[in-house]
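Pasting the structures here.
Common to both upcoming complexes is subunit A, partnered first by subunit B, then by subunit C.
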Partner chain A sequence: MTEDYEVEFVEREEREARFVVRGITPAFANGIRRAMIADVPTFSVDTVRVVENSSVMFDEQISLRLGLVPLTTPVDEFEIGDEVTLSIDVSGPNTAYSGDIVTSDDLVQPADDNVPIIELKDDQRLEAEADAVLDRGREHAKHQGGVAVGYRHLQRVEVVGDKEEFAKEEPEILRGVIEDDGELVATETFDNDLTNRYPGKEVEVHDIPNAFVFHVETDGSFSVDELVTAAIDSLHGRATELKEAVQL
Partner chain B sequence: MELRVIEKEDTMLAIEIAGEDHTFMNVLKGALLETDGVDAATYDMNPEQSGGQTDPVLTIKTEENVDALDALEAGTQRVIDKSESLQAAYDAA
Partner chain C sequence: MSYKCSRCKRDVTLDEYGGVRCPYCGHRVLLKERSRDVKEVGVE
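Our next item is the complex of A and B:
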């Protein structure tokens, strides 16, 4: 192995995580970020056959809303272009929620069941059949699995001296994660204000080269771990493909 | 992934990599620049609105005794190594 990476989690939940990667080049970090957003496929409703729509919205508007409902997407079970049929049948007075969507394949179902689709009044009814298709975020934003994916430099705060006696008391806002004595500290712990952590001190903030703090949030289609793994895998796959093509 | 060689000399290669975008090209370019024997590596890509050439064109220049195609192969291998290594580090955390 040519590179030695080090990964350390700051926060870790099913759908949201923050982790530091050390030893990664900006180009590679950005490749991973872009792959998470645009290249990891998820299921989304793409075609809708409306049986009855007596709601106040047009079929097209309902279809758009159905398309935006995140659907669970098991990794490696399906290929791009695969379809799964879903259906919905709600009569008013009632609100149609994503939880009312019935799936033909238990692997693909709404990630949340409390996404409102439309409020139905008396005598209004929505009945439709929909085909969810597996595709990538670069085709349509509804296929994005990572919804808030980004990174920033890990930073180091250096105390360079004391503040002057009559120095202005101004907040020094910093957002992200800082490293202090080898310990990772999220800036929220001191209200994003360095003067809370280092009162009366003159401080300098430096970026730590090649250490990036990733923030990854998924729409519920899959877990953060699955998203990161799939993104790395997609770069790996393309490199392998190109290598084989060059060898021929 | 379709490849089309545009220009090839011993120490120079210009190749079109159809279907790829900045996501992969910039990673590859970054890895090539870290590869021994590579003097210069860059890629050029036009936005769709510009018309004409929209697929990325990768250009590599290598040192005298290094073949540009071999360098490209080494560069892709480097991307593979990087992703495997990162995956291992992620799994370990």
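Our next item is the complex of A and C:
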């Protein structure tokens, strides 16, 4: 593996980003991807104490739904196993949303306010108290901070000549990011169809070795920046641990 | 064990000898109410 590598953003938002990393091996790229999915801890509801549930759903189903609500998780503020208590109390006719959840610690609260939990009719009520626990995605999918995390090769499009005059006009679909004269172009800009960008040209597509386009989306527990940095930190931590263990 | 009569909606306590019957209105359909204790559920 090379010592230097560079990172370049294609798009960058709070919860979603696309960036190119050059100079890393496929194994390392996959290591980062896996760390983002399984090794960055987030808070999730783990036990629910149901005080009243006169809704149409079983306590267990409601608990499961509460467990899947993404909770904001400040990085480095908590340790694995830490607990935060949440509560919810909604009476019908009304819909209980994640925004109705009241938290005991303002650092940990629902990432979105509009996740429906259950619709309550007249005389129905949901009152519950829940403990959220900090844990990793490898323990349970509800603790995954990174969702829709993946990577693919950065590709280079080479014009090899002109198309024959009466050649069939067939679309050449390519999805991802291409490099053109050192400039990164997302294929969505030309509707994922190379014939839009290179009309009448014969083109060849090549993978650029050791350059990967990551697409990262978080569930709202933290920003993409925090997720990627935390994943790298966990990878680095484990590598250091292994190094020390091997040296004896 | 507490039940609720489905006709007169009153709380009914059953004893060993009375059989399944509401002592107030004689209705034989009784509904079991949810217990008032807090139930703890794990999220799996």
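Methods note: the second predicted complex is superposed on the first by the 245 of 248 C-alpha atoms of A that agree within 3 Å, B and C clash if a C-alpha of one lies under 4 Å from a C-alpha of the other, contacts with A are read in each partner's own complex, and residues count from 1 in each chain.
What we mean here is this: a contact is a pair of C-beta atoms (placed from the backbone, for glycine too) under 8 Å apart; a residue touches a chain by one contact, two chains touch by 3 or more.
Computed from a predicted structure; not experimentally measured.
Contact with subunit C, but none with subunit B, is seen for A:Lys142 once the two complexes are overlaid on the shared chain. Using the contact criterion defined above for the overlaid structures, shared-chain residue A:Lys163 touches neither subunit B nor subunit C, since it reaches no partner. Shared-chain residue A:Leu66: touches subunit C; no touch with subunit B. Between subunit B and subunit C, B touches the greater number of residues of subunit A.
Shared-chain residue A:Val50: touches subunit C; no touch with subunit B.
When the two structures are aligned on the shared chain, A:Ile232 is found in touch with subunit B, with no touch to subunit C.
Put simply, subunit A uses no single residue to touch subunit B in one complex and subunit C in the other. Taken together, the subunit C residues at the contact with subunit A in this complex read 34, 38-44.
Taken in their complex, subunit A has these residues touching subunit C: 44-51, 53-54, 59-60, 63-64, 66-67, 129, 140, 142. Taken in their complex, subunit B has these residues touching subunit A: 1, 3, 17, 20-24, 26-31, 34, 69, 72-73, 76-90, 92-93.
Residues 1-9, 19, 21, 24-28, 30-32, 34-35, 38-39, 138, 225, 228-229, 232-233, 235-236, 238-243, 245-247 of subunit A are the ones touching subunit B in the complex.
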